[in-house]
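Report on the following structure.
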């Protein structure tokens, strides 16, 4: 399966407005969990059907509905009706090959983002699409698969009880997005650490693995860039939007979030350049080594080749080689060998190969 | 024939306003088909002459006229008169070397787009120009050649009958463009899949074919970029246009289309970079391999060259080589050989070549 | 002579307003030709002096004055007076090292453009500066040298007679510029065709000529870029100018022209990238070939070098080499040779060099 | 520890508003020093607690509070209360992995900047975060560690006494930032000097060290870029801010500062390019040298290999080699050797290898 | 001394407003020359002290004061007072490591520019800072060293006498800047000419010098870019400034100047790319040559190595080598040699190495 663009054959030829899940179908039953809370109130439920959350939407409390598994299109249809979401947004939620984006629907603010998961053994990053929808009195989050990414927010809700800020659903939205963004920086840090460590390898050994390792990092950095960079524009679109449910002071937190994403993007570029420099340096070192090897080989071969030739001459069986019968012939041979050898050594000295 | 710029010799020296087909002439008779439909009405016809569609234009129903083959300039002239199109637009339709663009004529909205066709065996993408013109009560589509690209829309019209949205001609226009855009993403996915698969080849074998395969992909990605990227600006020009026939809610679908094209463009860049990285990695691996080969050769040659020289010496026929007559001469020779060999091995060990 | 920047030593230290021809002086007498025409009227004249055109400027007809040769600065001075041109524009006309540009003088619109001429044998493009000035009732064109570039427009004027559009001098200006732009696209097509053909050469043979050919194309594409790209901005400056002599409907033709130049620029970039990719692919192929050659050499040398050494040993003349006197010594020798050879072959097999 | 992104594991899963020090914890007790001064007044104190500075904030004099060590979060909390700083700003101060930025709080202007320290022996640049906050009647500076960077400003305050400008706290802020910026330029100058000196090395010797040295500079230039470039945008944000405590004439000094940072950024790019050119040139030289070495080796080997073969032939022990018994056989042998040698030399001459 | 960033150690830790000369101190006494002129008036004086020019500033004539040598900070202080210049501008004048810039002081317009001097023997460009300040009734120019750069303007003032334009001090400013800009283009032309000539060298010989020459040009082009490019923005800042002493018609000359600088910048980029292409082509050619050399070596060695081995075998002294005693043994040997040689030749033929 192509990693950078998911299989869209199922959607081909479909009416643009029809709901089709793009990406691998996950077969488990979707799980719906609800947190309904306020300063003096906390209800947590696992729901059987999305319809069960309707009563909570009418309370004065913040209702956070989280859904794992988006493959049941009927459920998505029900969600659309219950939360009053546009068809195009529902399509975006189902299309897991979406770029990160912000959709302003007037009556809601929706973010399509990517949760990233870095397996540091295989050096491969996986992306899962997370949709976060802020409505008048609810926050709706949809994930492709079960995961524990939002657990820190959950425990903060449980523990802090009446703390003010999380009682606003726009701040809750921010807190959820903040976790995703923090995750970006922490993945980049891990991969960046590994890239910086490559440095030692480059200068100590020169093996093939470095090339494939560098290649691996380049791929993963591209993958990071693809999934993180558009999130910046998403937040900028929110900030430009005058018709949003976010209150002014939460928006200032979103500005901070935007800066985190810019920081992440710049770090990705920085590591991309670093990795390219490493490949270049590696190539230069291999090149230098080969040059040195060539010089040794040339010196060895070029000195001994004529000497061996001379020895070959006096190994010939011509009946009449006068030098062979000289009394000091063998001595003269060695003198000749020495002279030729020294001349060649001086020649290479002059060429600065020694 | 140049693939990136088509033969324009026919148009040279012509008055700028004159209609000349740029690109290969197709010889088959143009085919004109008409769909006139509404919520309670559907007429399909193959027309002999473009004039036969005039009656349908006056009905309250949506009239979609599709034409294969644009080489009959008289027909194009008639089209211009019947549908009230500007001469510059007719020129654009005929010039199949046009970049994708949007032309706003006040009384119509016209898109010149490219339908792409990827032959995955030869790894070659072909482009065909498709013009889509939205008028007050008609949609006119012109294609260079016969094809089945719009069939899904046709069957949707036939099946869904009274569904609301396709009864609006601006939505029909969107649906046709959506098919073209979907096709872009699906071609990029196919070619991207192949590029990602190259990875295995790079690390397992190192043959010439990889270089030519990578080159092939670079060319095709350039070709994709050339034909897709300007479509983004075309839609942006539509969105900026206050004087368009598109209704507001269809425009929001067009925004989605624009994002698809941006997604396509970014994927093209991503795969371009990937392919460049693959070439670099391939070169590094070949380089590394050569370095290793050089080291083996050097070690072999450099060890045996002096040894062979020594053997050559004692193969000489000088009458007076004292070593030859020593009782343990041959043994001493072997000891000498071993010493020289070990010294050289240690030398290479120190150089870290072993 | 530098090709990308012309000799400006003559202008050095001159007052900025003084008229100096930058570029090689052409010695032939300038030729002045006039076409004065309208729907019912056509006069053509070769003029001896630029003053002879004054009477025609007062008629209601379009007066097109074309001048070959701009080396007589007095003539340029007279032109400035007759047509009421600013000194800075006259300077620009004389400075043939000018970038393409648009000068709006309120009472005229002037374009400084480059006519390009591609000699497909030597693969060299030559540029000639053409100035086109649109005044209230005249069009003035100045060329460095005699040429037939505008002949198609001339014959259209002669033939079409009363056709409306060419009777407007702004449309005439457009028609002349259109010829120049068409020429750009046709040169790019020719050179692009040649570049695309290089592909075959790259994969079939690997000779030095490809490197120099690719270099040649890079130079010429730079030259094209330098001469074409600024023309886009020139037209954009015209379109932004509210104080122009162009009428609105001719401006829509100029928009089309701008798009042609953008198309040309993008094609230049496309071919530049293609040519760079070709050079990279060529280098990779040469590299691959060298790797393969190295492997063959290594295998050959590394197998025979120890074998030759062994043969050398038994060619020695020690009085006491026991193996030589063995009955099956020679047979054992061959067995030894075979064993060593096979071990080496297996070694290279393991290294995947065979 | 990753150098380009600091360890943020401590902050993971924390509420976005909670104060956590990102970066290594420093264990020494924070030091707080205060300068309270005016034209006729100067008080200097080392404070035990941040609360001790409260009385000074109420005077009409400028109060500059400088703090080394930011690891005590309670102290940071107190600072927030005393100086009335937003929580987000306090977070930024603690997060030492922040990019340089400007925060406008209406009641204060805050800059998060990086002080750089270049160890010219190890060729490594270290960054320390410095926060400078300009309030109505105070300037607050926070540094990670003890250092003497602001000493020149301190001695100017002590010496100049009543000089007007430093009596304004906005000018003091500028003076402190100016020191940091000056430091940037001086580090770039030092590193740039070293890079320019590399030139000689490249052309005189070709050793591995150059590759690693160049790599080192590339890394450090990336590090400089990361820490300096965003400072430009920080100042631009200040200049765009209408609601700032900086007075107009101090802002004109800030414009100058912005230009210094632009100068620094451009110098970084310039040296980056220089270093890349050096690597390319180094590679080309190594390549050229290898080509030359190959030619020498080829000439030597290719001349002697056939000669040695001929000598080998006449060293054979066939009973019946007629040449061996010729009277002038040995002479003929030498003539043959000479002829073969000369033919080969001419061949290489023709190939232009000699 | 670093060439791209000058020594600023003297300025470190100084108050930002204090005047310190950055760059090498020149020891000669500054020279002050004055031209006071109008249509009917011309006074030229060498002044001893800058105060001597005060009377001339009050006349109705244009006063042009030119100063060589800016190392006497008292003099600069006096200049500041006499001409009413801001302290920041005086700093800029003294800091010879300034980027080209425009300073608008309301009561004056100041340009800090670089005069370049190209030594075509050493291929090194030197930059000298020139400050040009246009005041209400004066033009003040300050140069680091004595030079004759403005002589053409001086002689024009002397000769033309009453010519109108030079009687305006804004036009005089333009004329001086025009000389500097002309100088840029002429240096680029000279260096460009040399670069274009490199082409022949690349294809005829392949020596190390080309690499160092190309490197040299890259450095100098960077140096040109650094000193020229910001001048464009300087003029654009002037053109955007509504509060300038330049009159409208002189500003249209400044537009022309801006275009010259753009032309210069684009030529620098063009030659930079050309030089990079040359290096690439050079590398490809060296690579190709090495490939060819390798092939020759391989063919030679690979053919003779087995042949020599065979000859070695029959040079062995085994008592019992049956072939040696065959009657036609030697003949069979030659037949064997021929067969092996031909097989190898055919093998290489098949590999396309011959």
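Residue numbering begins at 1 within each chain, and the chains themselves are lettered A, B, C, D and E in the order written.
Criterion: a residue touches a chain if its C-beta (ideal position, glycine included) is under 8 Å from a C-beta of that chain, and two chains touch if they have at least 3 such contacts.
No experiment lies behind these values; they were computed from the predicted model shown.
In this structure subunit B contacts its sequence twin subunit C using mostly different residue numbers, the overlap staying below half. Averaging C-alpha coordinates per chain places the centre of subunit C 41 Å away from that of subunit D.
Spacing of subunit D relative to subunit E, judged by their CA centroids, is 25 angstrom.
Counting partner chains per residue, subunit A shows two or more touched chains at residues 283, 287, 289-290, 294, 297, 301, 305, 308, 312, 315-317, 321.
Under the stated contact rule, the graph of chain-to-chain touches is a ring, a single cycle where every chain has exactly two partners. Round the ring, from subunit B by way of subunit C, the chains line up as B, C, E, D, A.
The part of subunit A that touches subunit D in the complex is made up of residues 152, 156, 160, 165, 174-175, 178-179, 182, 185-186, 188-189, 192-193, 196, 199, 202-203, 252-253, 256, 259, 262-263, 266-267, 270-271, 273-274, 277-278, 280-281, 283-285, 287-291, 294-295, 297-298, 301-302, 305-306, 308-309, 312-313, 315-322, 351, 353. Here subunit E touches subunit D in the complex through residues 1-9, 11-17, 88, 99, 101, 206-208, 211-212, 214-215, 218-219, 222, 226, 279, 282-283, 286-287, 289-290, 293-294, 296-297, 300-301, 304-305, 307-308, 311-312, 314-317, 321, 323-325, 327-330, 333, going by the rule given at the top.
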